[in-house]
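The structure that follows is given in the form of C-alpha cells.
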C-alpha cells in the first residue's frame, strides 16, 4: 500500500480482515518493520481517539512517532502562484509540505471539512496536497469526506460480533446540536458496500449523502422500518450534503434518537458509534449502557485498524 | 501495587525507601518491565516538574509515553445520567475514560482542587472516575487533596540528608500572592506521619489542615518555637481549609517568610520546598541559595519516586 | 563538544564536514551513544523545521526526546535577586533551569531576539542562563544572534552542490513585511568566514550587520554587482542592526527580490534560503521552483547538522 485514504486502498477486504486479526493477536510481532522509521501525525483539527490510537499503533510497530498540532488559524499556507506574500501567510505549501516529508517516512493527516466551500471540501484539497508534494506515503486520520481508519475499525468490530454470515447493518442518522461533516457516514457506507452485508441507511429527508459513497445501499426514510431485524445499528449525525443546504442542520428531531423501543424492533442488534457521542441526542443512556452496546471495543479496534494500515505501508517501504 | 494515590498504596515505608534506593542506583535496570507498555499522562492542569520527571521515569523503564494536555475549559465531560447532551459537553465520562484506558497500560492523572466546591474537591471526583472507569492502574500526578509523588520524593530526600535516626521535620506555612490547594501539605503530613520522625506543623491560626492528613502531628502556631532544633524545614503556602473560609487567603504576612534569622533557631536545618517557589515571600534569597538548601536534589528525586511507583505497578501487571 | 552555540564550537570545519558526511550516510549507526540519554528541546518561540529535524536527529541517535513548549508570555521567570515575588513571575531562574537540567542529559534552547533591548538580545541572556545554571550541555536551536544548526546545514549543502573548490557565495538581503532578527545572516556570515570561500554580503544601506559576524566579508551595496559570477545566492531578510534603528524595517523595496533576471547575472548559481520564505518578496516563484533552487535538500540537511552536533556532545558525555 502506498497511500491510504479510502476503502479501495486496503485491497481485498477479506484479506485485510485477516491481516487485522493477525495484528490484533500479535501486536508487537512486527517491530523490525518500524525500526528507525518515523511516523509524523499532523493534526489540523483536534483529536483524542485518533491521536492516541494511531500513536499507539506506530509505537507497537517500533516506529518513532512525532505529533504535530497545527492550529487551524495559525498555519495559513499560501497555495497560489504569483502572489506577493506580504500578508498573513508566512509559507507556501510548495515549500512546507516537502520539508515535512523530508523529516519522516510516513505522514498521517487530519483535516476536516470546513463547510465553507463544498467543492474545496469534496476535492480533499489539503489531503491531496500532502499526497502530491510530501514525497512520502500519506494516510488519512479523517479528511473532509472520509474517515477510513474509523470505518476499518467498525468493520473489524462487526466481524468480531456478527452471528450470521451476512448481517443486516443499519446506518441511522440521529440529532446533534452542531453541524457535523459527512466523513464518518460517507466512509462507513463505502466500507459496508465493499462487503456482502445487507446495508440500509435511514435518515430524514434532505439528509441524502453523496451517491459516490452510498452506492448500492438501500435508503429508507422510515427509521422504524429500517431497524426491523437489524443485527447492527450504527448511529451518527451529519449535516446536510445536498445543495443548497450543504453543511446545514435541517432537523433536530429527537424522535430520531436511538432508544430501547427502537432497538426492540431489531434482531437484538449491537449498538455502534464512532464516539464522542451525545447521550440522549444520538442514543439514550439505556441503549449505550446495555450489554449490546459495543462502542468501547469498537474504539479499541482503532489501534488495530491503524496498525494494520501502517504495517502494510511499512511493508511497501522495505 | 494497583493504584497509587496516597501513602497507604506504597505499603511498608522502609521497604519502599529500599526500592527507591535501588531504582536511583540502577535507573535502566528494569526496561524489560516496561517494554511494549504504554504510559499515558493526562494533565488537566499545567505542569513542568511532574510532566518531565514522570516522562523520564517512564522512559527509564522502557515504556512508551503519551502525554495528553486537556485544557480545563476545553474538555467538559458530562457525568450525570439522563441529561440531554445538547450543550457544551460533547462527551460523557462513561465513554471517554474507558476509551483512554483501552489505549494504554497505566494512566497518570493531574487534576487540582478548583476551590469551587469543597466536597467535590475532597471527594477526588476526577481521579476516582479514572480509577472506576478506565480499567487500568491509575496514579496521581497531584490530585485535589494529595501530591503523593512529591511527598515520596520529599521522604527519599530527607532519608538521604538526615544525620540522626529520628530527625525533627517542620512543615511551615508561608505567604503567597495566590490561593493554593492543600494537596502538597496534606500529602506531606500524611507521609511524615507514616515515619517515626518528630513532625511539627506551624501556620497562622485559621490555616488548620484536614485532620485526616495531619493526624498525630504537633501543631504549633508560633513559627519560631516550631523551628527550634528542627533538622528539616519544609515550607509551603496553602489557602484555608476550614469552613467558611475554604480556598481563601486569610493572611499574607511576610513575617512568616523563612529567613536566615529563623533558620538560625534550627539545628542547622536543611531547607526544602516542592517548587516553584516565590522568593522573598516563601523564603529569602539567602536561605534558598545557602548550602543547606536542598530544593534541587529534592526536585531531582521526583524521577526516583515516579519510577519506583511505576515499577511497582508494572510488576503487578506482569 | 560541551556546548554548541557558534561556529567555534564545532572545531575544525573540514573535520566537522567529514563527520556530517558520515552521519548522513549512516544515520542509525550511533544509537549506542544515545541509549538511555534524554534530549530536552525547549522552545520559547514557535518552530516547525527545527523542532522536527532536531527531534528526528535525537531519535536517529537512539535518544529519548522530550519537547517542551514554553509560551513566551506564560513562563515569566524572575532573574533578579532580592525581588519580593508577589507578581506575575511564579519562579526564579535559579530554581527553574537546574531542575530542567536534572531531568535530561542534553538541552536544546530556542529563544529569539525580542528587539526590545539590543544589549539584552546580543548578550544572549536566556541561552547563557541555560549554559550557566542547567549543569548540562546546551545547544542553540536559534538564539537571539545566531542560528548555528541552520548555518551548519547550509554549509553541508554548499559542499554537496559546489562545482569548484572555492565557490563565490553571496548573502543577499531581500524585503519582508515583518521585522526579523539577524540570527540567520549573522550566523551564516560567521560560518562562511570559517571557510575559504569567496563571500560577499549585499544589502541596502542601513542594513549593516554586526562586524563581529561579518568579519572579512566583502560588503557590496549594489545587488547586481554582488550577484556577478556567484555560485550560490543565499537570500534572507533581516531588520536593521545599527543604532538608532535596531529592530526596525528601513526598506521594503521589492527591487531587492531575487528574480530570474538577477540570477542570470550569476554563474548559474544555486538558490538557497533557510525557510519559511515569502514568495515574490524574497524570491520569485520562477527562481524558487527552478532546478537551481536547493531549498528542500537544504532543509533536509537540518537533520544532518543537528545529528552531527548531538553526536559530538554525546561522545563527550561517554
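In order of appearance the chains are A, B and C, and numbering begins at 1 in each one.
Everything below uses one rule, namely that contacts are C-beta pairs under 8 Å (C-beta built on N, C-alpha and C of every residue); 3 or more make two chains touch, one makes a residue touch a chain.
None of the values given here were measured: they were computed from a predicted structure.
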Topology of the chain contact graph, where touching chains are joined (line, ring, star, complete, other): complete
Magnitude of the superposing rotation for subunit A and subunit C (Cα, nearest 5°): 120
Rounded Å distance, subunit A centre to subunit B centre (Cα mean): 40
Interface hub residues of subunit B, defined as touching at least two other chains: none
Touching residues on subunit C, where the partner in the complex is subunit A: 27-28, 48-49, 52-53, 55-56, 59-60, 177, 254, 275-281, 285, 288-289, 295-296, 299-300, 303
Subunit C-touching residues of subunit A, taken from the complex the two chains share: 36, 38, 40, 64, 66, 68, 78, 81-87, 90-92, 94-96, 98-100, 102-104
